[in-house]
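Consider the two complexes below, in which chain A is the common component and chain B and chain C are the respective partners.
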Partner chain A sequence: MLGNDPLIRTVGRVEVAAASPSRRGSADRGHTGFVTFLGRREVLPSVLIAPVVIFFIIWNTIPTLWLIGLSFYRFSLTSGRAPIFSGFYNYVSIINDGATWLDLSRTFIFVVLAVGIETVAGFFLGLLFWGSDRLPGRRVALTLLFAPMVVTPVAAGTFWRLIYDPTFGVLDWFITLLGFPAVRFLSDANLAFWAVLAVDIWMWTPFMVLMAMAGLGSVPRAELEAAEIDRLTLWQRFRLVILYHGKFILMLGILLRTIDAFKTMDLIFDMTYGGPGTATKLVAMTLFRSAFESFNMGSSSALAVILLLISIAFTATFLYVLYIRERRAAEA
Partner chain B sequence: MSERMREHLYHAVLWLVALVFFAPVFWIVLSSFKTAPQILAVPPILFFRPTFANYAKLFADPTFEHHFFNSVVLSVLAVLIAVAVSFLAAFSFSRFRPAATNFLMFLLLSIRMLPGSAAILPVYLMYVAFGWKDNFIAMTLFYAMFSIPFSVWILKGFIDGVSPRFDETGVVNGASWFSIIAKLTLPQVYPGVVAALIFNFIFVWNEFLFNYIIGGINTSNIPVLLATNLSQGGGIDWTFLSALTTVYILPPILGVYFFQRYLLVGMTFGTVRGEV
Partner chain C sequence: MSKETDAPAGAFAAISKSKLNRIGRRQLIQGSAALGASVALPRYAFSQSEKKSPLAGKSIHMQILGIAGWLPSKLGVDMSPDFAKYAKDKYGYDVSFSFADAPFGTLFQKAATSLATRSQEYNIIISDSQWLGALATPGWIVQLNDIIAKNPELNIEWWSPSIRSSYQVFPDGTDKLWGFPQVGDIIGIFVRKDILEGPGEAEAFKAKHGRDLPKTWEDFEKMDFDQWVELISFFDRPEKGYRGFAAQYSREYDAATCPTMSFMRSTGGDVWDPKTGQVEGVLDTPSNAKAMELYKSWLKYQPPGATNYFIAEVIDAFTQGKVFAAWQWVATGKTMIPPSLEGKVIVVPPPGFKKSDGTLYRNYIIGGQPWVINAFNDPEHMQVAVDFMKWWYLPETSKDYLKRGGMPCDKATCAAADFDGINPWNRTYKYMLLRSSDFWHDPKYSEMLSDMQEAITGYYTGQIKDPLHALNWVACQQQKILYDEGTAQKAAQAQCSGMTL
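So, the complex of A and B:
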C-alpha cells in the first residue's frame, strides 16, 4: 500500500521525515487536537471520502438492500396487508409473463434503432462539421445544434405534442398540404412508436455529432497528410487512420447513448404515457406504472432488481472499454 | 466554382443543419409570443405582431413563482453540496487510492446507469416509511446524492492530471492538508469544478421523475408542473405552456453557449477530454 503512495514514492521517506517536525508544529498551533488527528496521513484518506460514503449508504445502500429484500415478498401498498414472504415467486412470474418480455423486446428494438440511426447520422454530421473552424458565428451555430440534448425532456415532450397535434400541428398541416390525409401521430398505435423514436433521434443525434467531432479531433493531422501523400484510397484513410484513432471515443459515445436510450422515460411520460395501448411502453415506463400506478411493490422490486443487473452489465462494459483505452495509451 | 464560393456554400450548409435541429425549439419560442387563436391557427402563422401578454400572465402567476423558486433552490443547493463533497472524495481517490477505490468508482457510476424508475423505487419506499416524502431538505439531499457520481468521476479525472509534486512541495514546506487541497489543488482543477457544477445543474434543473415521485406540493419544480399540466387532458393552455417552456429552457441553452468548452467533458462523465 505504501509503495503506491505518490508522495512517499516520489519524495522518499527521508525528506518527508525531515519535514515532518515543522509540519506538526504548524498544525498544533493552528488547530485543536482532534483536527490534527483527522489530518494525519493514516486517517486523512478515509476522512475525505467519509461524506460521500455516508451519502451513499443512506441514499443507495440501504434502499437497495430494502429493494432486494422486498423483491422476495408479495406486497401491495394498496391492500394494506403486511408483506408475505414468497421466495422467488415474483421473479418467476416476471419471467413467465409475456407482457414484460414484450416490453423488454420493444425497448431493445427502440435502443437498437435509436442508437444505430443516431450514430450513423451523428458521424456523418461530425465529418461535415470537422472543418468548421472558420465558420462565421460558429459558437452560436454549435449552441443551436447542441440545444436539443440540454433542453428539459419534459418540455421537449410538450412542444413536440404541439407539433404532432392532428388539428393544429405544423406537421399535419404540411402533410395535408401535400395532399395526404392527416395523421394522428401520437394516438395511432402503428405510428406512435416511430413518432417517439423520431423525437429521440432529434434529441440525441447532436450528442453523437459531439462525440464524432471529438473522435475526429483526436486524429493527428500529420498522419492524415502522410496517408494522402501515400495515395491511400478514401476508404483506407477512413479505416486505417480515422477509425484507428477515433474508435474509442466513438465507442464510449455509443455505449453512453445505449445506456441512456435504455432509460428513456420522461419523453414518453409526456408524449404518450406508454400508449396508445402498449405501443410506446418501454421498460422504464413498465416499471413506473407497476410501481406507482398499481402500487405492486413486491413484483416491481423484482423487476427493478433485474434492471439493476442489466445496468451493472452496461457499466462493466463501459469501464472495460475505458480500461482498454488507457492500456493502449500507456503502450503508445 | 471558385474556392471562395465553395466555402460560402459549405458554411451555409452547416448553418442549415444547426437551424434544422433548432427548429422545434424555435417553434415553441415563437408560439410563446402568440395569442391563443394564433397558436391554434391553421395554416400556422409565421409573421405576426408579437404579444408579451403570455409572459405578463406567467410572471404574475403564483404557481409559477412557487415552482420556479423550487427549481432554482433545489438545483443550486444540491449541486453545491454534491460538488463540495465530491471534490474531497475525488482528491482522496486520486492521491491516496484507498483499498476499494476501483470498486467504489464502479458503484458510483452504476447508480447513474440505472433507469430512473428503478433508482427511485427503493428511495420512495424508504421516504414513505420515514415520512420524508415532500420534504424540501430530503429532496435536496437526494438530488445531491444523485449528482455525486458524475462529480467524483469528472473531478478525479482532473485531479489525476495535476502532478503530485505540488502536494510534495506543500508537504515539504509545512502546509496543512487543508491548504494543499484548497489552495494548491483546487485552483488547478477549476475547469473541472465548473464543468461538474454546470452539468449537474442542468441535470437537476431538467429532472422530472424523482421529483414527481418522492416530492409533493412543497418540492415540485417546473418539469413536474409542465408534465402534470399537460397530462390533465382536455383543454391544454398552450399560451401558458409555451411561455413557461421558453423561460425554462433558456438557462440550459445559455449554459451550452457560455460553457461550450466543457460540453464534451460534461456529457461523457469526464471520460473524454477536449473541446469541439
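So, the complex of A and C:
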C-alpha cells in the first residue's frame, strides 16, 4: 500500500533528481523496495505483531515450557543435588496427597462464594448507579466505591488484619462498645475463612460494579422504552432486556474474577498465612509455600501445571458460553 | 595526602629569613625533625597498611541482608561506620555499607533466590540459625574452618556450647563451621514489676495460694510451671483492662513452634532424632501431646486473639499495658522496655518443669542469628567480610554492641563483671543460654517447619481437637520429607498414606 502512495513516489523522484550519482538512485530504489515489501498485505501485519510475539515467547511460552519440563523432575533448590527425572512422580504425589484436595476444595468454595456474592452485589450496585445519572455526588460515590479495588492487596490485608484485631482493632472496639464480647475474626478457625472472604468481597465488588455498568451501558435505550410502552413488568424488563444485553460483558467479568479469585494468595499471606491451622489455606498459598519456602521446584511446578490446566478449563467453559450467542446469531 | 605534604612546606616558606636567623640551631633541628615526621609518618603508616591489606587504597561497597524491624540486625548496620573507620585506619581501604532486609518469614526466600543465581548481591547475610543446612548444602555460603585457621582471632571462646552448635555447625555433631554468631537470643519472661509490687498484692497472693509472691529474679528462677500458672491467673484481670500473660501462637514462621518445642523438650520429650532422621515415634508421643495441651491451656489467661500473636503482637500487648507478663525473645528487650517502662519491668527465666526428683528442668529453644558469608563474593568482598568479622568480635566492638542493646556471645564479654547490669535482660540471657538449644539444622527445615506450624496452630485454634492426631500427621509428613531427602533411614509408615489433618 505504501509503495503506491503518490506522495512517496513524488518524493522518490525528487531525491533521484537531486542525487545524481547512480549509487544514490539504487539506494533509493532499495528503500522504496523495502517499503513496498513491508506494505505487502501478508507482511505488514506480521511485522507489526512481531514484537508482541517475541515478547510473548520469551516471557510466557518459554517459561511455561520450562515449568512443564521441570514438573517431571525431582528438584529441590536447597538440596545441592542435580534435578532427577522422575516422570509423573510429582503429579502422582499431588493426586495422592489428601491435603492438596482439601486445599483445592477450600479454594473452590472460596471462588464460588466470592465471585457469586461479588457478581450479585456488583450488578445490583451497577443498576443503582446506572439509574442515577442526575444524582448529586454520583462521581464522588463512584470514586469511593472503586477505591478498594485499587488498593494493593498486601496493604488491604495489613489494615484489615489490624481492623480485625481483637485487642487493638477498631471493629472489636465497636462490638465491645455495644456490649458484645470481642470476636476473634482471624484467630477463630470457624470465622477466619469468612473474615478473609469478606475482605475479598470488599475489594473486588467494585470491579463487578464496573463490569455491570459497562454491560448496562450496552443496553439500547430504545428497547427499554419499548418495553416500558409494552408495559412489561420490572422483572421482565430486567430479564428480557437488561440482562439479555448486559450478560455477556458481565460473563467476561465473572471469568476474569474467577481466574483471579482462584489465584488468591497475597491477601491470605498477609492476613492469616493460611491459618488458623488450615482454615484459610487456599491452593495458591500451598503453591507459594512449596515453591518459595520449601524450594521444591519440581513438585511446585507440577502443582502449578495442574492449576494452569484448571484455569484453562475455566476459561474454555466461559468462552464456550460466550460464543453460544454468536453461534445462535449465525444460525439465525 | 597532598594537603598533608603541602601544608608544612607552605608554612616553612612563610618563615622569613630574618626570623630564621633568630632561631637557634637546636630549635631548627627540632623543627625540621617535627616537620619531617609530620610529612613522613602518615606516608609510613599508609605504606604499612598497604603491606597489610591488598585492598589498601580501594573503595568497596558491601551489602548486608538482615531481618526487618529486628534491632540486632539493625545494629550490625548502625555500627558499620565504625568498621569503615577501623578499616581505613588499619587496612587502608574505604568501605561503605547498605542494608537490605525482609521480615523473618520471608528473609530466607529473599536470600535463597539471590544466592541460587550465584549473585553476590548480599555479601554478608544474617541468617536464622536453622537455615545453616539449607544455605550450606547447595554451597551458597562459605565454610569458615579455613578462614578461622588463618585468622586465629576468629577462634573465639563462646559463653556456652549451644552457641557453637546453634550458630556455627552443620551437620550437627561435626566440626564444619558455617556461621559466626551475630546475636544470641533466648526466651525470657518480661514481668510488669510495678503491678507485681502493687499495694496489697503480696498479702492477697499469700492468702490465696499460701506462699509468698515471687519478687526477685531468684524467686522466678525457682518457679515451676504450676506456680507460674498460679501467678498469671492471679494477675489475669480483664476487668482492669489487662490479662495475665501473652505468648506466641501465630501461624507465621516459627511463632508457635518454638514455645511448643520448648514445652515438649522441657517435659522430657523431643522432636526428632538428628542422627537417624527418625521423627515417627519421637515427635508423636503422648508426652508431647500433653505438652501441647499445657501450652494451649495458658490461652485462657491471654487477650482475645492471642492465637494470632507473633513477636510484634506480643510487644504491642506488653508495651500498651494489656498484659501482666509476656513470653518473648530477649533480643526485643529495647522494644519491650521503652522509656515509659524503664524500671518497671523485670526479665526472668521462663519456668522449669519439676522432675520426679523435685529438681527443675529447662530445655528451651534458642533464638538468635549467625552471620554467614556469601560464597559468591569476589576476593575483595570476601576479604572485607572477613575483616568485618574480625572487627565485630573485638572486645570494644562487643561492648559497644552490648550497650546498644545487642547480645554478644563471646565468653570474655558475657563473663565481665558489669555484664548483668548493662541491660535488664542480660542475666536471664546468660542463664538461659546454658539451658537452650536449637532444632532441625536440616536443608528441609522450612518444609518441616511449615507442617509443624500448620498442625499445632490447628490444634491451638480449635480446628483440630486431638493434639496426638496433629502430631501423628506432622510426624508422617516430616518422616516422608526426610526419607525422600535421604536423611531418614526409615520411610513413613503405611498408615500415613492419605492421612489428613
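Criterion: the second predicted complex is superposed on the first by the 267 of 332 C-alpha atoms of A that agree within 3 Å, B and C clash if a C-alpha of one lies under 4 Å from a C-alpha of the other, contacts with A are read in each partner's own complex, and residues count from 1 in each chain.
Heads up, the rule we're going with is that a contact is a pair of C-beta atoms (placed from the backbone, for glycine too) under 8 Å apart; a residue touches a chain by one contact, two chains touch by 3 or more.
As the structure is a prediction and not an experimental result, all values here were calculated from the model.
A.B. asks: Under the stated touch criterion, which partner chain does A:L240 make contact with: chain B (first), chain C (second), both, or neither?
C.D. replies: neither
A.B. asks: Determine, for the superposed model, which of the two partners chain B and chain C contacts more residues of chain A.
C.D. replies: B
A.B. asks: After lining up the shared chain so the two structures overlap, which partner does A:R184 touch, if you call chain B first and chain C second: first, second, both or neither?
C.D. replies: A:R184 sits against chain C, while chain B stays out of touch.
A.B. asks: Of the partners chain B and chain C, which touch A:L144 in the superposed model: first, second, both, neither?
C.D. replies: The first partner, chain B, only.
A.B. asks: Is A:T167 touching the first partner chain B, the second partner chain C, both, or neither of them?
C.D. replies: In the superposition, A:T167 touches chain B and chain C alike.
A.B. asks: Examine A:L308 and indicate which partner it touches, taking first as chain B and second as chain C; both and neither are also allowed.
C.D. replies: Touch status of A:L308: first partner only.
A.B. asks: May I ask you to decide whether A:F292 touches chain B, chain C, both, or neither, giving the answer as first, second, both or neither?
C.D. replies: So A:F292 meets both chain B and chain C here.
A.B. asks: By the touch definition at the top of the document, which applies to A:S79: first (chain B), second (chain C), both, or neither?
C.D. replies: second
A.B. asks: For A:T278 in the superposed arrangement: first (chain B), second (chain C), both or neither?
C.D. replies: In the superposition, A:T278 contacts chain C only.
A.B. asks: Which chain A residues lie in the overlap of the chain B contact set and the chain C contact set?
C.D. replies: In chain A, residues 167-168, 273, 292 are touched by chain B and also by chain C.
A.B. asks: Within the complex, which stretch of chain C touches chain A?
C.D. replies: 105, 108-109, 112-113, 116, 134-135, 137-139, 250-252, 303-308, 316-317, 320, 322, 443-444, 446-447, 450, 453-455, 457-464, 484-485, 497-501
A.B. asks: Report the residues of chain A in contact with chain C in the complex, numbered from low to high.
C.D. replies: Those residues of chain A that touch chain C are 74, 76-80, 96, 98-99, 102, 165-168, 172, 181-182, 184, 186-190, 272-279, 281, 289, 292-296.
A.B. asks: Per the contact definition, I'd like the list of chain B residues that touch chain A in the complex.
C.D. replies: Chain B residues touching chain A: 7, 10-11, 13-15, 17-19, 21-22, 24-25, 27-28, 31, 39-44, 85-86, 88-89, 91-93, 95-99, 104, 106-111, 113-118, 121-126, 141-142, 144-145, 148, 152, 164-165, 167-168, 171-178, 202, 205-206, 208-209, 213, 222-223, 226-227, 230-231, 238, 241-242, 245, 248-249, 252-253, 255-257, 260, 263-264, 267-269, 271-272, 274-276.
A.B. asks: For a test of understanding, state which residues of chain A touch chain B in their complex under the given definition.
C.D. replies: On the chain A side, the touching residues are 1, 4-7, 10-11, 15-16, 19, 22-23, 25-27, 30-31, 39, 44-46, 48-49, 51-53, 55-56, 58-60, 62-64, 66-67, 70, 125, 128-129, 131-132, 134-137, 139-163, 167-168, 170, 173, 177, 202, 205-207, 210-211, 213-214, 217-218, 249, 252-253, 256, 259, 262-263, 265-266, 269-270, 273, 283-285, 287-288, 291-292, 297, 300-301, 303-304, 307-308, 311-312, 314-316, 318-319, 322.
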